[in-house]
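Following are the structures in question.
What follows is subunit A paired twice: with subunit B in the first complex and subunit C in the second.
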Partner chain A sequence: MITIQSALTGLLLGGLYALMAAGVSVTWGVLRIINLAHFGMILISAYLTFQLASDWGLDPILTLAVTVPAMFVAGGALQWAYDRLGISELNSLLASFGLLIVIVQLVSNVWSADFQRMSAAVNPYATASVGIGRLVFPVTTLLAFLVAVAFIAAAELVLRRTFAGRALRAFAEDRTIASAFGIDHRRLGIVLGGLSGATAAVAGMLFALANALTPATAFEWFGIVFAVVILGGIGHLTGTLAAGLLVGALSGVVSVLLSPAAAPFVLFTAIVLALLLRPRGLFVRAAQ
Partner chain B sequence: MMARGLVGIGLAVAALSTLSLYRETLGFPIAYLALLTTALFWVTQATSWNILSGYSGYFSFGQAAYVGVGAYTTAVLFGRHEWNFYLTVLIAAGLCAVLALGMGLLAFRLRSLRGEIFALLTLAVPFILAALARINGSIDGGQGIIVAIPDFPAALGRFQDFLYLITLLVAGIAVAVAFVMAHSRSGWALASIRDAEDVAEALGVATFRHKLWALVASAVIGGVGGSVFALQIGFVTVDSVFSLTVPLFVIVMSVLGGRTHWFGPVLGAVLVVLLQDRLSAMALLGWQPVILGAVLIVMILVAPEGLYVRVRNLWPRSRGSKTPPADLSEVDEQLSVVDDSVLVECRDLSKHFGGVRAVEGLSLQIRAGELVGLVGPNGSGKTTLVNLLAGSLRPTRGSIHIAGRDTTGLPPHRIAHVGVARTYQIPRPFASMTVRDNVAMAVLFGREPRRLAHARRLAAGHLAMVGLDHLGDAYPSALNLHQRQLLEMARALATSPKLLLLDEALAGLNPAEIDNAVEVVRRIHASGVCVVIVEHLLRVVRALATRVVVLDRGSCLADGDPETVLSDPAVVRAYLGKRAHA
Partner chain C sequence: MRRRGSAVVATVLLLAITACESKSESDGEGAPAASTEPIVVGSTLSLSGAFAATGAIHKIAGEQFVARLNAKGGLLGRQVQWVVRDDESDQAKVSTLYEQLISQERVDLIIGPYATPNILSAMAVAQRHGYTMPHHTSVLAPLMTYECQFPGWSIGPKPNEFVPNQLFDAVASLPNPPKKVAILTNQNGSTDFVSYGSQSDQTGAVSIAKQRGLTVAPEIRYPPSTTDWAPLAAQVRDAAPDLVINHGLGVDPVNLLQAMAQLGYKPPLMFSLFPAPGPPLGLGPAAEGLLSVTIFEPNKSTLDKLGKEATEIVEEFKTRATDAKLPYTVFETQAAASWTAWEILVAAVERSGGLDQKAMCDKLHSDGADTTFNGHLDFDPAVHNFWRTTQQIKQIQSKDWVTVWPADRAAAKLQGPPAA
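And now, the complex of A and B:
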């Protein structure tokens, strides 16, 4: 029973990994930019949620009114800058690694390296839980899962059904041809960067609801979420969701069966094996 | 060149060692010695990273794995079980070599390994090892390990002196290894892998082996450095050795100094450690990662080649451009005797991509003296056949024999050594090498390898053969399409092939350039090389080929002398559609 409970909890937590990964995956797949600074944006959003809720007594979820527009602008500006500087795929990995380090240290200078958590007074969600039969789920985890699934489903619909979505897929397929057919890659990049910034804001809020914050968390995300992106198949949203859930469930089960300290060991070993067997991602059919 | 450089590195190490050996005479403050020790540790680590990631372009986030394995080997065996310290350094080197071999054998076997996937794999390894150390009580168990001071000759002075000298020795060896690699075949191989890996493989570079050895060399150096680092920090914890700061530092250092040159990481490491020292003196340590991150961003944007290369390029080359005299003797020695022996034999060859049958049941013989025009409509399997012959693809069924050897399933570089060379539809020169070195590269790794100086002379001869001898010192980016295609041919020739596969080598040229290229191909054929040319322009095929093979939907539609084949009704129908013939 405990195993099932923890597998399910892990699965639900995996939704958050998937949401964090979605932004990285889409900008990588479509714009050929590996934006590690995305984890920095999630971190800033989490701290903003903490700060705004604590200072103004705002409901943490309402802080999205501030963080989403802010991160939309930040994400859009970042993609605009990448585009203007004409940076290559591998160099974007390095430059954004530098940016991530800068952000983490700045966050640490502003908010200190200590763990910080919203007090129960402003964050009613942290202690609430929902029981389903003999299984109990924290509200924060359920919320994170539902939001992640909703976001990814919506994004997938947009990609499949709308003109903008088709333009995006065409662009991911072959940017030169797509440009020749009148797709404005600069505007596309800014909007896409902005949207992925917005998901960072939501992911940051959801993380802050359930966890104590410390700047170094961003590096933990770097390891796990980067793996989710690749396992899901770069640019494949449903694959990302599935990979996130899988990774979450696995780490949940291992934490209970062995020990929480063993989780990274099993998890990363599994990731390495998965990558070696399916380097294009778990859910991507092998191309020719 | 090589000997002079090594003597230079040796002298530098000797000079630096006097700072400790004659510290009191020189009045050198011991605090600076500690700073230098830190700098030398990072010189070792950055050099270790650069040997794989800088030279070959496979970026690693896993430097902490080697530091961690090295430090924990010494911490556990020497610190806890009191084994001989030097023995633990050797064991650390061995463990890192095993780790690297394991990683390399797994990762580099992947045919579709992308740089980002490799980066992620290397990112995961320190996480795994750190978790292993944390949960395993016989390694660490979350407590940390105290490392005592080993015995050392009293003549060396204090422990700080000993630490400095041993770190200096390790750094000196690391830099010497990086220097030797950069100036040997290995350095050329890794540079060609960085520029265009599958082209390098097709030219005869054993890419897998070179990557693997670079990874092992990098790991051993990193591990030995980590082992000595355990003495330096005195107390080894998971967080102190497996942290992400390690890859951050080595990447910043190498990018700052210059990734493609052996001296880049040395320069970068010294600069970063000095910067760090100044910052802590100004009580700005909290800003240090900010500044390092900013340095990384700025360098990537402004000077991705690094400071050393940037500064060096400011100086005009003092030695001038030494254009070696063309060595035509060996190029011309092959006589154009019509050779009738069978060079290529394909039996029942098939290649399927999922449901698509690109080549189906093809049997074909090519004789050594022939110049075969391979024609057919788009999608008829011409390029697939070229890829099969060169080994870039493995056949689904059937066999290929070239020059009497079964080459089915051999890796491309082995097939290159049998005597097959190819060009690509879209020319893919090695961007970081001059035109001459592009060709010399092919001689170095070709069927008849030569020393570099000799290879460059031969290269000049091959360039003369295709009419590019005046552009030997230029970089490929300065060439137009026609010249790049000629460079492709010269490079292929330089492997001294028996069979040359030209895949649409004339696509996109204007009529005058085509005439020139046709002349070049004819000259190559006359020098005794069997040529297979894939071409859509029937005028070219008619002018050149001694025999024409027409492919249609993966099978041979017609085969024979150009006039007969090209007027065959079936061929015309395949090319122009049924109505045209009617």
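And now, the complex of A and C:
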């Protein structure tokens, strides 16, 4: 029973990993931008959630009304800047890392480096759960899972069924030919950057619901998020979701059956092996 | 013409070298008593990175200490200037920065950084240059081998024995002492050895619990990078121990308590070794009764015993911490350790009557130091200068930390689990 419970909570937590990874994956796959500043946007969103909920007494979920538009604008503006400066894929890694450092310092100056956490009075979700028999679904991770599934399903629908989605996919395949067919890649890129920022806002809120915040937290997400992006296949949202859930569940099961200390070892060994066998990602068809 | 030019260049160089040498002499050891230059204390702190949360507390405490010291006339009649660099929680940077402070900036005194790994790095540089180094929080006595390092927080020479024994003594005093304990250990260097000891001495909480006839289940080691706490919480819930011992850091106990609450479970009694003090208080009833260690809590009865100056220090710290936007503004263990380290530095200078590092070190060994929050400290190099410990156990009672053990120094009575 403990193993099933741990696999289940790990699976739900995987939804948060997938949501954090979705923005990175799609901007990398479609726009060829490895945007580490995305972690900074998640961090700022988490702190804004904390601040708005603690100071104004807003329900933490309702803070999305402020953070989603703010991060949409920030993500769009960032993509506009990358495009205007003509930053290449590799250089985007360096430039966005610098930006992340600036954001982390900014957050330290505004909120201090000490732990910040929403009190139980403003965050009733932290210890809440839904039970079915002996199995328990923590509300914070259940929300993350549901939001991740809903978001990725909607995004896939847009990418496959709308003109804008098809244009983005064409652009990801071949920029020159897509431009020759009249696709305005700049405008689409800004919208995609904005949407990526919006996912950062949701991920930040979900993270703040369950965790204490420190500015250095942003760096702790690197390993697991990049593992999810690469395992899922760069730019493949459904793959990202599947990889997030797999990583979460595997981590939970190993923690119980072996030891929590063995989880990172088993997880990253499995990732290396998976990438040796399927270098384009576990969930990408070979023909693609 | 060329020869004359060379002569001019040589003369200028010679004058420059002479000027530098004379500056070094005036800045160096045994500076003239009449000097009005400030005494410069150099150090690093983790103002960013993984240790920044606590580094911020030490910065505020240090600034407050130096301001109060200067207001009282400084040291040896000179004002004190504290040069603090951000080591970014990076051991490699700690070494480089201390080397720079000592070799290039030629600071008069040094004080240690925050966090054991950083202190170990700084200690190696201090030892190479023969500097006396008080430090705030390294409690790993066996590793602190330099005879002129002086800790501001001591759990005695064997923390891996003292901490578990003090806890087991405390809970043994309850009407229904625990019989079964769960031990969950963060694999960080500062916590793992308290559960399992070190290579040379494998005594720790696990072996001591068994010696005392307690059942240990479950016994879990987890990495510092743990993000999914549910597997740990589920194992504890199913084992149903009487006491959960979490040798963890930062927000580990909060994450554990929250994960257990999500499973609809609250342990009868829980202890956490080095938690950030603020976050558990925000957890509400889920954290009520949590135990931890402390060297100082500003409980009224304690402040009444210490007197007016201690109260002033505590209140001024609160103002400064509020201005710095710290979420938890109470002057407690970390700030008290910092204060003690600064008082050791001042005692070294005042008792030796100068800035000679060897004389300072010798005077501390022979005379000890008087401190506000830990009384008189004696330093014995045979036990790496780790003085008799003043560490106590504290507990969250009515949403506040209060000292509860040892009983003769406690501000409140240790509370066991509520009756079933």
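Keep this in mind: the second predicted complex is superposed on the first by the 282 of 288 C-alpha atoms of A that agree within 3 Å, B and C clash if a C-alpha of one lies under 4 Å from a C-alpha of the other, contacts with A are read in each partner's own complex, and residues count from 1 in each chain.
Just so it is clear, a contact is a pair of C-beta atoms (placed from the backbone, for glycine too) under 8 Å apart; a residue touches a chain by one contact, two chains touch by 3 or more.
As the structure is a prediction and not an experimental result, all values here were calculated from the model.
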After the alignment on subunit A, I want to confirm one thing: do subunit B and subunit C clash, or do they fit together? clash
Tell me the contact category for A:R117 with respect to subunit B and subunit C: first, second, both or neither. second
With both complexes overlaid on chain A, does A:L159 touch subunit B (first), subunit C (second), both or neither? neither
Kindly classify A:L275 by the partners it touches after superposition: subunit B alone (first), subunit C alone (second), both, or neither? first
In the superposed arrangement, does A:V24 touch subunit B (first), subunit C (second), both or neither? neither
Have a look at where A:V247 lands relative to subunit B and subunit C in the superposition and call it first, second, both or neither. neither
Quick check on the superposed pair: does A:S108 touch subunit B, subunit C, both, or neither? Answer first, second, both or neither. both
Using the touch definition from the top, say if A:T127 reaches subunit B (first), subunit C (second), both or neither. second
Tell me which partner A:P264 touches in the superposition: subunit B (first), subunit C (second), both or neither. both
Tell me which of 95-103, 131-139, 239-247 or 401-409 in subunit C produces the clash with subunit B after alignment on chain A. 95-103
Subunit A residues touched by both subunit B and subunit C? 104-105, 108, 223, 259, 261, 263-264
Taking the touch rule as given, give the residues of subunit A at its contact with subunit B in the complex, in rising order. 34, 85, 87, 89-91, 93-95, 97-102, 104-106, 108-109, 219, 222-223, 226-227, 230, 259, 261-265, 268-269, 271-272, 275-276, 279-280, 288
Which subunit A residues qualify as touching subunit C in the complex? 1-2, 5-6, 9-10, 13, 104-105, 108, 110-121, 126-129, 131, 136, 138-140, 210-212, 214-216, 220, 223-224, 248, 251-252, 255-256, 259-261, 263-264
Touching subunit A in the complex: which residues of subunit C? 47-50, 52-57, 89, 187, 220-223, 225-228, 230-232, 234-235, 238, 250-251, 254-255, 258-259, 261-264, 276, 278-279, 282-286, 324-328
With touch defined as at the start, can you tell me which subunit B residues reach subunit A in the complex? 57, 59, 106-107, 110, 112-117, 119-121, 123-125, 127-128, 130-132, 134-135, 142, 244, 248, 251-252, 255, 286-290, 292-297, 300-301, 304, 353-354, 356
